[in-house]
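Before anything else, here is the set of structures, which you'll find just below.
Next come two complexes built around chain A: one with chain B, the other with chain C.
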Partner chain A sequence: MKTYDAIVIGAGHNGLTTAAYLARAGLDVVVVERQPYIGGATASRELYPGFTYSNCSYVCSLMRPEIMRDLELPRHGLQVIPYDGGVTMTRDGGYIAGYRNHDQNRREIARHSVRDAEAYDYFGAEVMRYCRFIKTMLLTTPPDPASFKPRDLFGLLDVARRFHRLGEEWMYDTIRFWTMSCADFLDQFFESDLVKGHKAGSSIIGTALGPYSPGSAYVLLHHYMGEVDGSIGSWGFPRGGMGAIPGALAKSFQAHGGEIRTGSTVEQIIVKGGRAVGVALTGGVEVMGKTVVSNLDAKRTFIESMAASDLPAEFVHRVKNFKIRGSSGKVNIALDGLPDFPAIPAGCPGRAGDMHVSDSMEYLERGYDDWKAGMWSRQPYLDITLPSMTDPTMVPPGKHFMSVFVQYVPPHLADGEWDDAKRAAFGKTVIDKIAEFSPNFKDLILHAEIRTPWDLENEVGLTEGNIFQGELTMDQLMFNRPVPGYAQYRSPVPGLYMCGSSTHPGGGVMGAPGANAAREILRDMRIKT
Partner chain B sequence: MIQPQPYEVQVLETPFHSRTAELCKTNEWSTWSGYTTPDVYTNMELEYFAARNTATLFDISPMTKYAITGPDAGRYLDRLLTRDMAKVNPGRVAYGLWCNDAGMVIDDGTVFCLGENDYRLCSQERHLPWLLDSAIGYEVAIEDITAGIAAVSLQGPTSCAVLKAMGFVGIEELKPYAHAEFQLGGHPLMISRTGFTGDLGYELWIEPAGAGELWDRLMEGGRLHGIRPLGSKALDMTRIEAGFIQAGVEFFPGDLSTRPDRLRSPFEIGMGWLVDFEKGHFIGRRALLREKQTGSRHALVGLDIAGNKPAHHSFIFQGRNKEVGIVTSALWSPTCKRNIALASLRTPYDKAHGLWADVYVHREQKWERIKAPCRVVDKQFFNPPRRWATPAGDR
Partner chain C sequence: MTPAGGAYDAVIIGGGHNGLVCAAMLGRSGKRVVIVEAASKLGGAATSGEFAPGFTVSSCAHILNQLHPKVSRALDLSRHGLKLSTARMGTIALAPGGRHLTFEGALMVNEAVNGAGEVLSQRDLSSLSRLRRRLLRFAGLLHDFQATVPPRLDATSWRDGLGLARLGWAVRRLGRDDMRELLRIAGSNIADVLNDELDSDLLKGAIGLDAVLGTGLGPRSPNSVFTLLYRLSGRVGGVPGALALPEGGMGAVTDAMAAAAKANRVDIRTACPVKSIVVEEDRAVGVELESGEVIRAHAVVSNADAKTTCLDLLGARHLDTGFVRRVKGIRARGTAAKLHLALDGLPRFSGLEARDLGRRLLIAPSLDYVELAFNPCKYGEYSPAPAMEITIPSIHDTSLAPPGKHVLSAVVQYAPYDLKGGWQAAKDGFMDRIMDILSAYAPDLADRVVARELLTPEDLEQRHRLPGGHWHHGELALDQLYMMRPVAGAAQYAAPVPGLYLCGAGSHPGGGVMGAAGMNAAAQVIKGGKQS
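Our next item is the complex of A and B:
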């Protein structure tokens, strides 16, 4: 039987990133994917004739430019188009838009608060300071503070040096920032509740925290530290839908001899003599490899796909307690035309960007209250995008695809588990909410895909439907992600590695966990790149 | 067309001005050959991406245009240009350049063959005296018709779909570097599959009286195809990605130089493929033959530079500190995701070892110097299959 140099479980963007780096280094690599299509949470599928969907993730900013360059993703068809605009519509028919032009943006905020308009620059500078501090850590393996290995000591020294360079005041602020709530953070800058509500959405996306929960300020930063072509914090649409990302990764991987097996579900990771040696697929087929790399989240990898007896008990205990709480759903809609949003004046580019209906901090926090009570938010936070306004390839001319990210949606409901009727009721809540702001919206719907956390778990394989493969809170970041002592992509079992978003630096379509994991694997194999 | 007196108007307006002025929200304009044209309409980055993702309109009316006609027009152009014009038949467009007797480039441009001995030459700079002097002994008329033709460039992956939406039947069959005649609002309209972005695209040529209607019809036809006007700053990004040279940037026009050692031959700007020694006599032939035997002094190369800071005007060094050339055009390429540049290097240079660009970045009151390693690569950084495909695609 053939033995691969490496088997990657899961053809998500991180799994493919790891696979592409390993294949480039000359290894014989196979990726096994449960679904008949690749992409995981970056998949694009045609669910209505002629319409390409971005079924899970829907915008791109965090994907590291270094990875795009290393793996030649543009040559393999990836193009990320930054989008214009963005808007929050208010319940009383007003709006606040975002503009790329600095002074235009300032004047827009000034319609709501003159002070906030100028405070926005201070806010931007503060966020940029944290981005600069954290950016260099994204593509590095987090140093372990409990280790005495020279590599960890040097890594820690480097972090300490850069931390000191921030100066006394910013050092204090940085430490506060990592644990504070989004609301506290925004209160330092802004007075207008609408401006705060407009900005706070980024702090809750994918997170089972409210904007008043400690730790939510960091989640805001997590959404700001990306870039499109050096424009920090800018977001864009991959041309051809999110699936263009795994598509280009797969081409890059295959150009170096990589093999992808779709429709192959891993039942168990095979451990022999204390070492991972392969995977057993549903149907009895075994695939053998010198190395096994899991793109699955920590719980799926260690609890669902392994025998507990192959792992240390303390490790299993910690993985069990790793927080992966589902908090969001997704509604994907094929539209027969462009929906009107009367609140957005003609000429305002609001519809081309991300649209929101959460016009205050309270709106968001009330939504979170529903989640805590085991129901989806009756007044949900919506992140609405119309990528087809930018990308001409997703739908026929004049038609549109609408992606709606919804929060908060619990993985388990207070009145019993999810079923088809509850899914439909959830979908109705979302569609009704959009229709409040768009009178012709319902008439344009050709097809809608409604995805609850339950569907995200079953179809995409994300435990509880958590989009980040584990929450982005301080206790689960850096050297603690996913669990202390195993933050360097290795597991307790030799030959078994992790490359998914459960590892540093966490979720978002970033590719950094995949690239970092590949580097550690090659390091263990003593292959220089 | 009656032009205003020079004292009355400092810069002229193109036939599209009423439309471009309405759309230019930044009020950032530059003068191009005496005409005012927008640098940026709304946002340079978004305009650039429209050119690479959907469709853009760029006013090219200020481009210098000469009508070249008469029984000897074909023979004359064959003498003027370094490439073989005998192969350029009616309905075709040829890109070419012309040199002085020393084989140094005067300018580059496109020649439209409109019919037997009926040509139009479009170039960046004005060269009428040179063109007329080169015509001595030929039965040929050369006339500056710049102000008499309005032209607009429609570029991008959905450009063909825009023309189809306007009702130009069969336009998708037009081959690259070909042109065809149509009608628009009672005006003859020429459409050529040419452009300066290195992508699928067309240029549309009409008499000034039809300009406004042409623009409006294009914007309407492009409504569902993501059309937006393109400023010259975003255009420059696309032409660098395409590896296109520009007069005054990659070379200095040979008839205007005061420093003869600064000029470049076609070989020295990567245009050797446009020199045809087989076709017989042309201006500069002897000198270029000599250069081919003895070697060139310079080479224009594409560079892939480490990091993401564009190496504008950087010196290129080899090894520790041997200066070997300069960057002529630099760009962070948003589509290629590479830090690219066109550079003029002194030959011979060592392709394999130790080239680096000296890049300076100003960050909050401090100049930081980056010694960015670079690699010589193909200077057509961006060259998608859709640019060459016939029939042309819709997106």
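Our next item is the complex of A and C:
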């Protein structure tokens, strides 16, 4: 039987990134994917004739430019089109828009508060500063502070040195930023509740925390540190939907001889003599490899795809305690035409970007209270985009595709588990909410795909439907991700690695975990790249 | 009044416990010190007060669990009259159905008493002892650092470098597993940690309440593990986490401190509100009282919070804008109210004997209960079903109430400082809610009440000059701790204006009747004196 150099479980964007890096280094690599399509949570599928959906993730910014370059993704067909800002509509018919242009943004904020417009300069500069500091860490392996190995000691020293270089004032501010709540952070700058509500949305996406919870300021940053074509903080739509990203990664991988097997569900990771040697697929087929790399989240990998006897008990205990909490849902809608949003004036680019309906901090926090009580937010945070306005190739002429990201949606409901009726009721909450802001919206709906955390778990394989494969809280970042002592992409079993968003630096369509994992694997194989 | 030869070595603004400790420590080292206190009596938030004829209660802080042993040793507080009426107060987590959970000593520190009430499973017992060992170890680390001056991150001086190295070494010395666990849970939330390890809702609720008492956090808020560690960091008679009651109420502690200060030749002036800090040639040189009198001193040490000190007494014009912005940004928004009841006899709590009432009683039947109580406070509303920490100190100390009568003192959470619509209109409604909750556990309580007093954070602010009614002069949040407490640039007790120092709970390590801030500040004042 053939033995591959490496088997990658799961064709999500991180799995494909790892696979492409390994293939590029000359290894014989196979990717096994459960679904008949690739992409995982970065997939695009046609669920209604003529419409390409971005089924889960829907915008792109975080994908590291280094990876785009290394794997030559543009040559393999990836094109990201930046869009200009967004808009938050208020309950009383007003709005605040966001722009990529700093001065335009400033003028817009001044419409709501002159003082806040002034503060926006400081806010922008400060966030950019934190971005620059963290960006240097994204494509590095987190050093283990409990280790005495020279590599870890030097790694720590390096982080300390870069930290020290910030200067005393900024060191304090950086520590504060990492630990404080989004609300406290924004309160330092802004007075207008609308301005704060408009900015705070990014701090809760995918997270089971409210904007008042300590640690949520970091999540804000996590959504700010991306870039499109070198423009930091801007977001874009990949041409042809989010599926274009795994599509380009797959082409890059295949160009180096990689093999992708879809429709292949891994039943168990095979461990022999204390080493991972392959995977057993449903139907009895076994695929053997010198290395097994899992793009699944930590729980799926170690609890569900392995025998507990192959792992140290303490490790299993820690993986069980890793917090993967679903908190998001998604509604994808095929539309017969462009919906009206009377609150948004003609010519405002906001309607081609992210549209929000959460006009205060309290709105967001109350949504979180519903989640804690085991129900979806009755007044949800919605991130509404119409990518077909930017990329008409996704839909038939004159039609539109609307992607609606919804926060908060619990993985388990207080009144019993999810079922079809509850899913429909959840969809109705979302659609009714949008209709409050768009009178003709309901009449335009041709088809809607409603995804709860339950669906994300069953279909995409994300435990509890958590889009980041694990909460982005202080206790689960850096050297703690996914569990302390195993944050360097290795597992307790030799030959078995992790490359998914459960590892540093976490979720988002970033590719960094995949690239970092590949680097560590090649390092263990003593292959120079 | 002023000592021979002109000015004092130090003038202390405010005679709260930290001001008294700082004054006594300075006096002990031979400095001539004067304390000026605005109120007519000393003690700040650590006082006893008669709220109804014959009924005395600790008017703000009501349990002594954090007094730093270095402070009580250095000032010899027992010689100056401090006596404990109990040094090993137990805890009972009350259950609505009467199957309470009883602890002989402090929660998390002692084993549960498996009597008639809730019986912990074998799994919970062993998990609890594992969790306890770890948390107490981490709390011990905290304890050690409470009596030190935080280093500056800049580390240009050898002392700062050493301070940082000491911190790093202390964490390393925990060993690999505990170190990893500390670095993980330090920023975590208590609900997760408890749900990971324990099953009993009652147990988890009680520990969860201990973690969030006096903070603006719910059990699910990250940072709430730290606040539990903070609570566990105290020691009574060498026992970590133990709870004690001072004889005569909390005022007895500050009385002993004042006696220690007097024994060290400290001058004490009460009913002397300070109008401003006098600055000459960019140096703090004394204070001007409301009466117009100026007291000159080489060092001005403020026990008031940083905002009051820097913005009201000193004036922003003496400071740079970045520093002022930071001081303005200090979060101090109290969430705890204080309830005092004068009772004509001991109430009956269902499922408890009279002798059980000498323990601390907690109303926090589950983590969800506490979290649900927390929700409204985020929006400026009080909890319709608040969580409570209840003591009946008169059981241990008959001096607090007339014979046969009792006082009940409870911390009630959550009651936000900035209540929507103001406290004036809402106070009676909140009182009714509290009595409803209490009556569910003690049906005859309401009939035994002869007098009652409810202090909202607003009342606490006015009475005790606590900013925002916050016990700690500022939230004990990770972004307001250690080298960032009260703000970066003043965390070494010296304000940016030479000659001005901060010694209150707003500085490292924070509040609780601990005295460490006052002690550390005194060390810095003495050092500052040598340099100049």
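Just so it is clear, the second predicted complex is superposed on the first by the 528 of 529 C-alpha atoms of A that agree within 3 Å, B and C clash if a C-alpha of one lies under 4 Å from a C-alpha of the other, contacts with A are read in each partner's own complex, and residues count from 1 in each chain.
Going forward, contacts are C-beta pairs under 8 Å (C-beta built on N, C-alpha and C of every residue); 3 or more make two chains touch, one makes a residue touch a chain.
Quick caveat: nothing in here was measured; it's all calculated off a predicted structure.
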| item | value |
| --- | --- |
| Partner chain in contact with A:Glu362 - chain B first, chain C second, else both or neither | second |
| Contacts of A:Tyr212 with chain B and chain C, given as first, second, both or neither | second |
| Which superposed partner A:Asp420 touches (first chain B, second chain C, both, neither) | neither |
| Chain B versus chain C as contact partner of A:Asp475, first or second or both or neither | second |
| First, second, both or neither for A:Pro145, with chain B first and chain C second | second |
| Between chain B and chain C, more extensive residue contact with chain A | C |
| Partner chain in contact with A:Asp103 - chain B first, chain C second, else both or neither | neither |
| Touching partner for A:Tyr172 - first (chain B), second (chain C), both, neither | second |
| Shared chain A surface residues [contacts with chain B and with chain C] | none |
| Of all residues in chain A, those that touch chain B in their complex | 65, 68-69, 73-75, 79, 81-82, 84, 100-101, 228-231, 239, 390-393, 397-398 |
| In the complex with chain C, residue positions of chain A that touch it | 145-146, 164, 168-169, 171-173, 175-177, 179-180, 184, 187-188, 209-210, 212-215, 321, 323, 362, 365-366, 369, 372-373, 473-475, 479-480, 484-485 |
| Of chain B, residues touching chain A in the complex | 26, 42-43, 45-46, 49, 52-54, 157-158, 161, 224-226, 308, 332, 334-338, 395 |
| Residue numbers on chain C that touch chain A, as the complex places them | 152-155, 172, 176, 179-181, 183-188, 192, 196, 217, 220-223, 322, 325, 329, 331, 371-372, 375, 378-379, 477-480, 483-484, 488 |
